[in-house]
Each structure stands twice: as C-alpha cells, then as structure tokens.
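Shared between the two complexes below is chain A, which pairs with chain B and chain C, respectively.
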Partner chain A sequence: MTVGVCNAVRELEEVTGRKLLDERGRLIHPQNGATGTDIYVSTSSAGGGLQMLVMGVVKSMTAESAERAALGAGAIVMDTICSNDRRLPYQQIARIRQLRPDMILLAGGVDGGTVSHVAKLAELVAAARPTPRLGLGFRLPLVYAGNRLAMSEVNAILADCVDIHPVANVRPVLESENLGPARDAIHDLFMEHVMAQAPGYDKLKTWAHIPIMPTPGAVGKLVETVARDRGISVLGVDIGGATTDVFSVFQGQFNRTVSANLGMSYSVGNVLTSAGFSNVARWMTTNLPDHDVRNRIKNKIIRPTTIPHLLEDLIIEQALAREALRLSLEQHAAFATSLKGVQRRRTIAEAFAQSGSGETLVNMMELDLIIGSGGVLSHAPRREQAALMMIDAFLPLGVTQLAVDSIFMMPHLGVLSERAPEAAMQVFWRDCLVPLGAVVAPAGRARIGRILLECTIRRKGDGRPETVTLTGGTLVRVPLGEGEEAEITIKPARGVNVGAGSGKPVTRSVTGGKVGMIFDGRGRPIQFDPDPVRRRAKLAEWARAIGAMD
Partner chain B sequence: MTTYRRRQPAPVKRLRGAALAALLTFLTVPAFASDRILTETVTLFRIPASWLDAAASTDADRMVVKFDVTRLPVLIVLVLFGSFFLILQMKARSGAHLALRRLPGIDAIEEAIGRATEMGRPVLFIPGLNDIDDIQTLAGVSILSHVAYIAAEYDTPVIVACRRSVVLTMCEETVRQACLAAGRPEVFIPNNMRYLSDDQFAFTAGVNGIMLREKPASCIYQGCFYSESLILAETGFVSGAIQVAGTANISQLPFFVAACDYTLIGEEFFAASAYLSKEPSILASIKASDWLKMVVLPVILIGVLLATLAAFEPPPKDGSPPSQRQRAVQLLKEVL
Partner chain C sequence: MAHAYTPGLRVAERAHIRKRRMLPIRGNVLVARGARVSAKDIVARTDLPGNVQLVNIAHNLGIEPADVPSKMRVELHKPIRKGDLLAENIGLFGLFRSSVYAPSDGTIESVSKVTGQALLRELPIPLEVTAYISGEVTEVIEDEGVEITTEGTFIQGIIGIGGEKLGTIHVLAKSPEDTLQPDAIDESCRGKVIVGGARAPLQTYLRAADIGAVGLVLGSFDDSDLGSILGYDLGIAITGGEDLTTTLILTEGFGELAMARKTFDLLGSLHGQAASINGATQIRAGVIRPEIIVSRHQTGERAEVTASTETAVGARVRIIRQPHFGSIATIRALPPEPVVIESGATVRVMTVELPDGTLHTLPRANVELIEE
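Up next, the complex of A and B:
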C-alpha cells in the first residue's frame, strides 16, 4: 500500500518542485521552507471498500436507519436482513454465510422496545457463524446499535462467535435518528479491523495525521460540510465504473446511496437492462441502427475499461451516462425519505389531503447545487456536454448551479475538513470544483412555442440589464464567465413556476462558469418527438444551442 | 390444463352479498312503495286473464302491468351501473389494470404495525360498535383480515375489542385464518379477542382501559362509531399510538380527522377492501361507481343550470299554453 503512496507523492514532487519525501522514503513533516508538509491525509477504498451487512427489525424503520448509518460511514451495504423481508430463517442464515461481510451492523427496536425480534436477529447471526472477508485470525466485528434492553440477550447469544461493539441506538425513539455513534464506531472498526488486514497499512497509519476514512465516507463528509457552511441544498454524484454514489443534503439532512449496478464500465450492461434500450436510444443524436448500438455496448461489456475513440461511441457512452444518473437519482429519492412510523398531529384542514409519512426529501426545486464527479462528467470532451448530461438526467427545477469535480479531490478535502475546515472549503471552491454555471428551468410541461418566462440579467459591475425570453421546447445559453456574478429577475408567464409559485417572479444571484447560464424550456419531463428523425434533429438543436456540439 | 382460482376470504364474500342486497333494496323498495304509482304510470303490456284464470272469458278481465315513470332515472342508473360493472369486470378478468387512487390511510396500516413491532407493543383493532348486520362492520372485518395478516408476518399481537358477541366470533375466526394464511398460526392468541360490553359507554371505558394498561402502539378503528369516537381517539393519541380510523358516519369524521393520524373518509372506507384484495369483481364495482359519478355529475350541473334559467322565466299568462322552452325546462326538472 505504501509503495503506491510513495509513487504518487514522487509524481507530486515532480509537478510541484517541492520535496516531500526524505531519503528513506518517508514523508517530511512538518514543512520547513520548500520541503515537507504539515498534514498528510488519506482515504481508502482498498479491497473494494468497506462491505457491510445491515440488520434491523422493520425494513422501513430501524433497518432503514441502520442502512443510512452504514452508507453514511462510506460502506457498501451488501444486504439488509430484517423481520419482514419475506425470507424464511434458513434463507436468511444462508445469505449471511454466503456474503462474508467486513462488518455487521445490528439494530432493532426503540430503547425500551422489542427484545424478542432483536434476539431472533442475533440468533440468525449465531446460526450462520459468519467469517470475515479479509483476515483469518480475527472475529467478525458487529456493531450493535439497537434497543438497550436487548443488549444482554444479544451478548449472551453472540458473545462466542462475533466481536460485539455496543453503541447508542440508531433509533432511540421512532421520532428521531441518532446515526453519529454508529457511524463513528464503523469508522473506528474499519481502521482497526478491516484496514489492518491490508499490507502496509500499519505504516501508512503512522503517516496519516487524520484517521484514514473510506473514500465514499470522506466525499459524504465534504458534501455535508459544504451544505452546512453555505446553508444550501446540495446533490453530489460520483459515477464510477461499477457503482454510482449519490450524496444529498436536503433540509439539512444528509443521505447517501450506492447504486451498486449502475456504472460506466463493469456495470454498463446493467444500465442498458435497467433503463431499457429505448430510453438509452432516445438520447442519441446520430442515426445508428439498433443492432449497431447494441453491439457497441456489448463490446464495452467485454472490454469494460476502454474509452470511446469514435464520436458514435462517445454519443452512446453519454446516453448511457444520462440513464445511469437518472436511475441512481430515482433510487436515491426512494431512500432519502422522512422517518416512517412517526405519530402525527393533524388538523381538520387536512381532511381531504392527508399526506403519508416517508415522503422523499429530494426536492429539485429546492436544490441549489449539483456536483458531478466521475470520468464521464469530469473528462467529457466539452464542459457543455457534462452540463447537458446532468440537466438531462437530473431535470433540475428553478435556479440551480452546476459544477464538476476536476480531479476527484473531494474525498481528501472531506478528510481535511475534520482538521482544517476553512482550508478545505477554500480549496474546494477554488481548485476542486469546475463551475459550469447556472440552469434556470420552469416546472411542468411546456407547450412548444409558448413564452415561458422573461429574465432580466444584471451583471455585477455592469449596470446594463440584459433580457432573455424563453419559449417552450428550446434551450438558451447566455455567457456568464467563471466567477462572474449576476442578479437575475425571472418573470414567469401565467401558470409557470420557477420556485416562488405559479406566475410569481423570482430574484436570485447566480455565478457563472465554463458554460454560463442555461435556460431550459423543454419542460419537465422533457418531451421527445415520437418521430426519430425529428427527435434527433431536436436533440442536435439543443446540443448546439448550448455549445455541446458543432 | 387445470386452472385454480384463489379462494376469497369469507368476509369478502359476505361483504359482496350484503352490498348487492343493499343495492337491490335501495332500487326496488322505493319503486314499488311510491305513492305516485297510481297516477304517473304507463302501461307496459296486458296479460290476457285467460292465461292466469281459465274461468275468465272476456278481454276486459286482462291484467295490466304498469311502470312507474317517476322511477325512470333509477332504471337508467341501474342499467348504466350494471353495464359499467360488467364491462369493467370483463376488463379486470382479462388482465387489464384497474388503478385505484392511493389511500394513505390503508398504506399507513403497515406502518402502524411496524411501529408496534419496533416498540414491542400490541396493535388494537376495533371493528365499530354495530352488529354484524351493518355493512360498516363487515367492511371493518375485511380490513381486520389484512391487519391480522401483516401483524402475523411481523410477529406482533393484535388485540380486537368487540361490542357484540357475534362480531367477536367473526373477528376471532378472521384473525385465526389470517395467521394461518401468513404461515404463523402460533401468533394467534385467543385471549386477545375480547368482548367487552353491549353498553356503548361501558365498552368505551373498557377500550380506554386497554389503551392505558397495555399501551398499544397502534390503534385501528374501522367500522361504525358514534359519540365515543372522540373519547377513543383522544385516549389513543395521549397514549402515543399511531391511529388509523375509517367510518361512513359523517358526523364522527371531524373527530377522527382531528385526533387520528390517518382517516378513511366515507367511501374510501368501503373501497378499502377492493384496494387491499385487488379482487377483479370488487375493483370493478368501485370503478363502475366512479364512472357512474362521472355521468351523474354533468347531469346535475345541467339540471342546476336549467333550474336557474327557469327561475328567470316569466310565469305563463292565464290560459296561454306554456312556451316550448318552458315545457322543455319543466320536463327536464321532472326527470332530474
């Protein structure tokens, strides 16, 4: 492990001209003039990252809270076993044996609640006697974050087969969650047990000035810090080869999901299966026969690490990316919900509109910033293509800023934010993010040719207002340079909503970027022409309108 | 190839029979009991008396079969409803999806049982105060079947409190069958099926006692309730339970809406069995009544419009015949 780190640091030395390693190949600490460094931070996704099994009593209650805690700590949840998952005990036992996780998180019952259900879950683990994936000599760590009263029972059942680490209940009462202690325990155990199995880890641990974190956990930490620091709602997406991670902070609540089978290389076949061929093909601007498109995708399945060399391959890749991002967000919206099982207080006014619990927190109108990460977004040939992919996939509403991560610095900044949050934020906004600009999109369907809104743009330092008129079925791009700020006043037409309500004007400050401002009048959802020739022409027109193609 | 049809649970069958009986009663009794039948009838056909009585010899003795014209709208509604029902039932049986709008109250039942499971407490179910001959009680028992099934899956006890002994027997059997269907017969606890009292407020006091002593995490009220509704719902709220109510008693709905987490209002309560069972014939009857409403609503609107127009029409002068417009308005008013 340290060999790789040393190689990377040597490359950094060459780029910066700063000496970071001593003669013995160790990091120079602290800095002294032109040599050394003050803080070394590291994240790890070695061995496929932290893989966890989560258990809880009711799927939509304690099991979901436990899943949230595990995902928030940067783990990949291999499976969730609960009392109502409609599996028989022998099937659950077989599944635990088969999975071989790095760690188990057992939750269930509110404090003072059910003991029998938690004991039954513990018995499943005892019967399965799971062995860890890495390391033969140590017992599998189990974080117990359930009902306090059931602790003695769990201990009695599991003491001789797993290493139990009790922490505070993730759901002490059904009305609130307490995920912090479980997350911290997962981090600590990840370091002590899981990472300790990796060669060279002990050495690396002595180098790092801040505890090593799982990579996705560190990204989540940064997204959470950014949202808290600016008081905004943030959606972060990291589209990888095998998985897509989605991070969000809405109403101050952080959520992370991992779409395990949606990615651009190893999982590309699954993207096609999950989205359906017609959904992928609808984004294509070229007239390729269906069998040709399928063959190119299958070629990618066989050789997953290849990158597009032809324009047609790039168009297919970007079409797949749109669908992978769309499906990931759908899965995220289904998971990022308000708590279920909570007692409600109603008034007579709610007689005919009784909203249920478990409503999604993901509200695209409320969203302020979308951060895209991953090769297909960060290394798109044109930034405009990355912006268009994110708009097409996420369908933002109202006014939303867009940005991409330049060199996947977010995990490291996430760790750094633990020690030096101000430095982390400055690097994040100045070097890590590549701002693309802002998108303005009204909600609802748009009639072709109808005037949707008029926007007055006042650039800072330039008193002359500029007016943009957006009609249905069009995309309009207005240049607004990187770092340039402007105040926009949007006057929507009657029945059109851009955030303040139907027909109500909105005034917002926006920051420019590589693309500038994009006004999206295509409606939500985007209406495609059923005729393939006209659809392709329209797609090309939209792409040209914002400079994504010539 | 042999095909197997899923057996319907007994309460569903009874509910359907009762609903059909109620519909027939509603349509036929007023038609024959109308006091205008002798004055506003048309002759449909005449049966020669000789067909009925060999001794009759003259045509004057023929039996006259008449139709009450004032009940014509009921006939139209019956024919429309029957047609809609048959069309939709055929559609449903051929595999077409008959969508019902989401009922948060029914969806919340699983959540309420989940809450009870996490808290290690029972679920309390009350199938109303009326006896088994009340359609609301039957609808409540149908929902109980669903509640007991989910509770058995979650391994959570269900307490059923009844005011009538016959209802108790039916509830007992329903819960037992649901536990068997869920594959967990051991979850059924006979002592949790409780008859409290025939007296309204003695029953209410008994239920309140259960709420305060056994602290159920979820209270589900489905059936006919009277003035005790608020007492029950308030006690349930204070005890910290999630409450799901459903009744067709309009006067009690405001209390349930204000004090419960979810309330099934009027028709939603009867639609619940269709929503839960997804049985084609029950779904078809719900959709048929929706279609009928879509037909009736415009007719009502036209009627209101015509009645308003008629109010501005000057009265006919003495002796002069009514104008054509007046006659049309009068005829439509009669029909509507």
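Up next, the complex of A and C:
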C-alpha cells in the first residue's frame, strides 16, 4: 500500500517541484520552506471497500435506520436482513453464512421496547456462525446498535462467535434517528479490522494525520459540508465501473446509496438488464442492429478496461450511463425518505394531500446543485455531453447548477475538511469542481411548439438584458462563461411551473460554466417519438443545440 | 522506447501449472506431499455444517419462552432423528398434552428462554475435493487443501459458463473461422470437450448437451443465445456455479469472432488428449478466466512461461474492441503524446500494422498482448 502512495507522491514532487519524501522514502513533516507538508490525508477502498451486512427488526424502521448508518459510513450493504423480509429463518441463516461480510451492524427495537425480536436476529447470526471475508484469524466484528435492554441477551447469544461492539441505538425512539455513534464505530472497526488486512496499512496509518476513511464515506462528508456551508440542496453521483454511489442533502438531511451493480464496465451488462434494451436504445442516435449492440455491451463486461474508439461505441456507452444514473437516482429516492412509522400531527392541507411519513426527500425542484463524478462524466470528450447525460438521467426541474468533479478529488477533500474545512472548501470550489453551468427546466409535459417561458438574463457588470424564449420540445443553449454570474427572471406561460407555482415568475442568480445556460423545453418526462428515424433525428438535434455533437 | 503494460490471455503450449485445491472449511487432506495424483482422485474431504432450522417451541406448545427449557425432552448436542419428541407440555391432571417433534435428523444446538426457539442443526453435508488436474502434490496446507503442480498446456478463455469437467479433446472444426453446426455433433462426442471454430448457434450447444459432451470451446457466441442457456441475461461476468452438462468456453468474446489461430492450432494438436476444463469466470478484483489444461506429466523440464507483459514496438497484439476487433496486429509505434480519436476522446494510442499491411491508430487500452 505504501509503495503505491510513495509512487504517487514522487509524481507529485515532479509536478510541483516540491520535495515531499526524505531519503528513506518517508513523508517530510512538517513543511519547512520548499520541502515537506503540514498534513497528509488518505482514503481507502482497498479490498473492494467495506462490505457490511445490516440487520434490524422492521424493514422500514430500524433496519432502514441501520442501513442509513452503514451507508453513511461508506459501506457497501451486501444485504439487509430483518424480521419481515419475507425470508424463512433457514434462508436468512444460509444467506448470512454465504455472504462473508467485513462487519455486521445489528439494530432493532427502540430503547426499552421488546427484547425477543432482537434476540431472534442474534440467534440467526449464532446459527450461521459467519466468518469474515478477509483474515481468517480474527472474529467477525458486530456493531450492536439496537434496544439497549436487549444488549445482555445479544451478548449471551453471540459472545462466543462474534466480536460485539455495543453503541447507542440507531433508533432510540421511533421519532428520531441517532446514526452518529454507529457510524463512528463502523469507521473505527474498518480501520482496526478490515484495513489491517491490507499490506502496509500499519505504516500508512502512522503517516496519516487524520484517520484514514473509506472513500465513499469521505465523499459523503464533503457533500454534507458543501450543502451545510452554502445552505443548498446537493445531489452528488459517482458512477464507477462496478457501482454507482449517490449522495444527497435535501432539507438538511444527508443520504447515501450504493447501486451495487450499476456501473460502466464490470456491471454494464446489468445496466442493460435492469433498464431494458428499449430504454437504453431510446438514447442512441445510431442505427445498429439490436444483437450487435447487445454483443458490444457484453464484450465490455469481459474486457472492462477497453474504451470507445468509434463514435457509435461512445454513443452506446453514454446511453448506458444515462440509464445507470437514472436507475441509481430512482433507488436513491426510494431510500432517502423521511422516517417511517412516525406518528405526527398533520394539517388539514396535508391530510387532503394524502402525505404521510416515509415520503422521499428527493425533490428535483428544490435541488440547487448536481455534481457528477466518474470516468464517463468527468472524462466525456465534451463537457456538453456530460451536462446532457446528467440532465437526461436526473431530469432536474426549475433552476439547477451542474458541475463535474475534475479528477476525483472529493474523497481527499472530505477527509481534509475534518482538519482544515476552509482550505478544503476553497480547493473544492476552485480546483475540484468543473462548473458546467445552469439548467432551467419547467415541470410537467411540454406540448411541441408551445411557448413555455420567457427568460430575461442580466449578466453581472453588463446592464443590457437578453431575452430567451423556450418552446416545447427544444433545448436552447445560452453562453455564460466560467465564473460569470447573471440574474435571470423566468416568466413561465400559464400552466407552466419553474419553481414558484403554475405561471408564477421566478428570479434567481446563476453561475456560468463550460457549457453555459441550458433551457430544457423537452418536458418531464422527456417525450420520445415512437418512429425510430424521427427519434434519432430529434436526439441529434438536441445534442447539436447544446454542442454535444457536431 | 515507450512501453505500456497490456496483459493478455495465456495460451501456452508448455507451462508450469499450479493449482490450489482448497476446502471451504477445515477438514482432512487425503494425500501427502510428493504423491502423484490423477485428475479424478479425491485429495481432501470435509463435512459442511448442516442446515439449521429454528423450531419455535414456545409458540407450538402455547407456553412462555421462559418455560421452554423445562419442557425440552432432548439434550443439547445429542443426535436426534426426524419425528423424535423434542418438547412436551402436559396440562392439568395430564390432560391437554401438546408436543413438538423433530422436523429432521440432527442435533439441538441451543434453546432460548427469551425467544422460546430451539436451534436444530441438520446432519453434516460431506464434501470432497478432487485433484482436477493430474500431477504431483507439491504442497499440503494442513487441514485445508493441497497444491498440485504439473507441466502441460494451458489455454485461457475470455468467458465461460459451467464448472469443472474432465474429458477428451475432440476437434470438430476445420478452421478457426468455421461455424459449428448442430449436425456435426454425434454420439462420438459423448464425454468429450468439443472444439469448434469462430462460433456456433444455440442449437449446436443444445445438441452437445443432449449427447452428453462435457465441454464446448468456441471463439465466440451470441449474447442472446447465452441468455437462453442460462435462463437469464448475464449482467456481470461472474460464472462457474451453473449446473450444466456442457461447460461452454469462449476464447474471444460475444458476436462473430474467429478463434485466434494460435489457440485453434494448439487445441488441434491436443485432439484425443485428456483435458481438465473450467468455465468459471470472475472479472473483478482477483480475475478468474475459464481454462483448458492438458497435463503432460513431463518431469525434469520446467517450462516456465517467459512471455513479457510489456508492450513494445514489434510485439504482437490482439485488438479487443471495434474497429478491427479480433484481428492480430504488430505494434509499429507507441507515440507518447495523447491523440484525439474518432469518439472525440483524447487518449494514449499505438500504431499497429494489420496482416494486410495497413497501419491503424488505436487506443492502447483496446489491445492485449499475445503471450507466446
């Protein structure tokens, strides 16, 4: 592990001209003039990251809270086992035995509630006698974050087969969660047990000035910090080869999900299977036979490191990326909800709206910023393609800023924000993010050719207003350079909503970027022409309108 | 000179092959270091813990969980048979008797007075590990397994389905570009590892399975045909656990791709020889590729694979993505500067020469070195 770190640091030395390693290959600390560094931070996804099994009593209550705690700590949740998951006990036991996780998080019951349900879950673990994935020489760690009254019983059942770490209940009462202690315990155990199996880890641990964090946990921390500092709603997505991570902060609440088999190489075949061929094909401007497209996609899963050389292959990959992102957001929205099972007093308006507990927090009209990360977005041949992929997949509403992560710096800034939050934020906004611009999109279906809105743009430092008219079925791009700011006043037509309600005007400040401003009049959801020739022509027209293709 | 690291699939006529044959849990190793084994020999054996059943005694007897231990009629960890009385509750004056009987053979592992459940573990499941390849036992890992070493031919495929099989190589195709039709397969293919050429339709695979062929090796196959065999669409390349009569191994990929000439010729030279094959594939960290192994039992001569995985001018490569997918080419230049390719991406490239003498610029990521 330290060999890789030293190689990377040497490259940094070459680029910066600053001496960072001493003669013995150790980091120079603290800095002294033109040598050394004040702080070294590190994240790790060694060994495929932290893989956890989560258990709770009721699927939509304690099990969901436990899952949130595990995901927030940066884990991949391999399975969630609960009393009402419709599996028989022997099936649950077989599953625990088969999974071989790095760690188990066991929750269940509110404090002072019933003990027997949690004890039954503990019995499942005892029956399965699970072994850890890495390192056969130690006991599997189990974080117990359930009803504190059940602790002694859990201990009696599990003491001789797992290493129990009790923490405060993730759901002490139905009305609130307390995820912090479980998350912290998971981080600590990740360091002690999982990471300890990686060669060189002990040495690396002595170098790091802040505890090493699981990579997705660090990204989540940064997203949370950005949202809190600016008082905005943020959606962050990292689309990798095997998985897609989605992070969000809506109404001040952080959520993270991992779509374990939605990625662009190892699991790209699963994107095709999950989305369905027609959903992938609807984004393609090329006319290749279906079986040829299928075979090309499957060849990518067996040769995952290859890259699209031909334009038609790039079109296929970007079509798959749209669907992977769309499905990941769907899964995220289903998970990022207000607490379920909570009794609350409702107003008459809420009663009529049939709203209750457990509703998704993901509100695209409320969303201020989308950050895209991962090769297909960060390294798209044109930034316009990245912008269009995110718009097509996420279907933002109202006014939303778009950006991509330049070189996947977010995890490191997440760790740095623990020690130097201001420095982390400055680097984040100046160097990490590549601003693409802003997208303006009305909600609801759009009739082709109908005027949807008029927008007056006043660029900062330039008094002359500029007017844009958006009609149904079109995309319009207005240049607004990187760092340029403008105030926009949107006057929607009758029945059209851009955030303030049907037909009501909205005034917002926007910041430009590599693409500028995009006005999206294609409606929500986007309407596709059933005729394939006309559909492909329309797709090409939209892509050309914003410069995503010639 | 510019270099790049581009590993390829191994296709080696003579290789030093080592295979670890491990038990999933501790057990008994049945062979000693230095012993010669044949592929079918059993080298290790263990008993997997039996399945468990949770028997809700409290619920079935209609009593409180705390009372369950006193109502049990069997001892912990003692063998019981299906139908044995597990627990009994006798009501007032011996009336209203209720009983719980063992749902299967096994032992009672624990009884909880909190949940009122008894944990019944069924009988252990015996598991045996075979040698899989013929060779010499070169290492014994106490209670866990062995390492078997042999000299022989080692051919990796790109993807396969189906597990370990043993059979004789039976080459049916005349050239690596051939399509293997179902009528080429007859009774003589039973128990054999059939070698085709470029591809075969689904019917050929089904015919091979009907006849009882243990393997089918092809250059390529159609993805939807593979889905028909599996019964689902392959989303992630993790295979090997399928219960198939005929293991399928593809050497090139999906679509219509001729088998690499070298692979085809090598398989041709092995016609009639006993082979160990495995379709198991895992394309993630710790890559596993399907394989065809023919042990030759040669001793005294170690045939280490000497191929380099460093790509340099003059090296031969296989192109593994469109355009020219499947073609063999020779590297003519490795320009250090990134170049804009047709898709618009700026990437590191190489210039290669195809057999027809034409020169092409390709992303370095889209070739693999032919290990010779």
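Simple rule for what comes next: the second predicted complex is superposed on the first by the 541 of 550 C-alpha atoms of A that agree within 3 Å, B and C clash if a C-alpha of one lies under 4 Å from a C-alpha of the other, contacts with A are read in each partner's own complex, and residues count from 1 in each chain.
As a convention for this text, contacts are C-beta pairs under 8 Å (C-beta built on N, C-alpha and C of every residue); 3 or more make two chains touch, one makes a residue touch a chain.
None of these values were measured; they are calculated from a predicted model.
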Give one of first, second, both or neither to describe whether A:Glu359 is in contact with chain B, with chain C, with both, or with none.
-> neither
Is A:Val58 in contact with chain B, with chain C, with both, or with neither (first, second, both, neither)?
-> first
Looking at chain A, does chain B or chain C touch a larger number of its residues?
-> C
When the two structures are overlaid on chain A, which partner does A:Lys298 contact: first (chain B), second (chain C), both, or neither?
-> second
Please indicate which partner A:Gly269 is in contact with in the superposed arrangement: first for chain B, second for chain C, both, or neither.
-> second
Just chain B (first), just chain C (second), both, or neither: which does A:Tyr90 touch?
-> second
Chain B versus chain C as contact partner of A:Glu153, first or second or both or neither = second
May I ask you to decide whether A:Ala127 touches chain B, chain C, both, or neither, giving the answer as first, second, both or neither?
-> second
Of the two partner chains, chain B (first) and chain C (second), which one does A:Pro381 touch, if any: first, second, both, or neither?
-> second
Considering only the touch criterion stated at the top, classify A:His309 as touching first (chain B), second (chain C), both, or neither.
-> second
Hey, what residues of chain A end up touching chain B and chain C alike?
-> 115-116
In their shared complex, chain A is touched by residues of chain B numbered 102, 104-105, 107-108, 111-112, 114-115, 117-121, 153-155, 237, 240-242, 253-254, 257-258, 260-263, 265
What residues of chain A sit close enough to touch chain B in their complex?
-> 57-58, 60-62, 83-84, 86, 108-110, 112-117, 171, 174, 340-344, 346-348, 350-352, 354-358
In the complex, go through chain A and note every residue touching chain C.
-> 47-48, 89-90, 93-94, 115-116, 119-120, 123-124, 126-129, 153, 157, 242, 261, 266-267, 269-274, 291-292, 294-299, 301-311, 313-314, 379, 381-382
Of all residues in chain C, those that touch chain A in their complex | 49, 51-54, 65, 109-110, 112, 114-117, 119, 121, 158-159, 222-224, 226, 232-237, 253-255, 281, 283-285, 320-323, 325, 341-347, 362-363, 365-366, 368
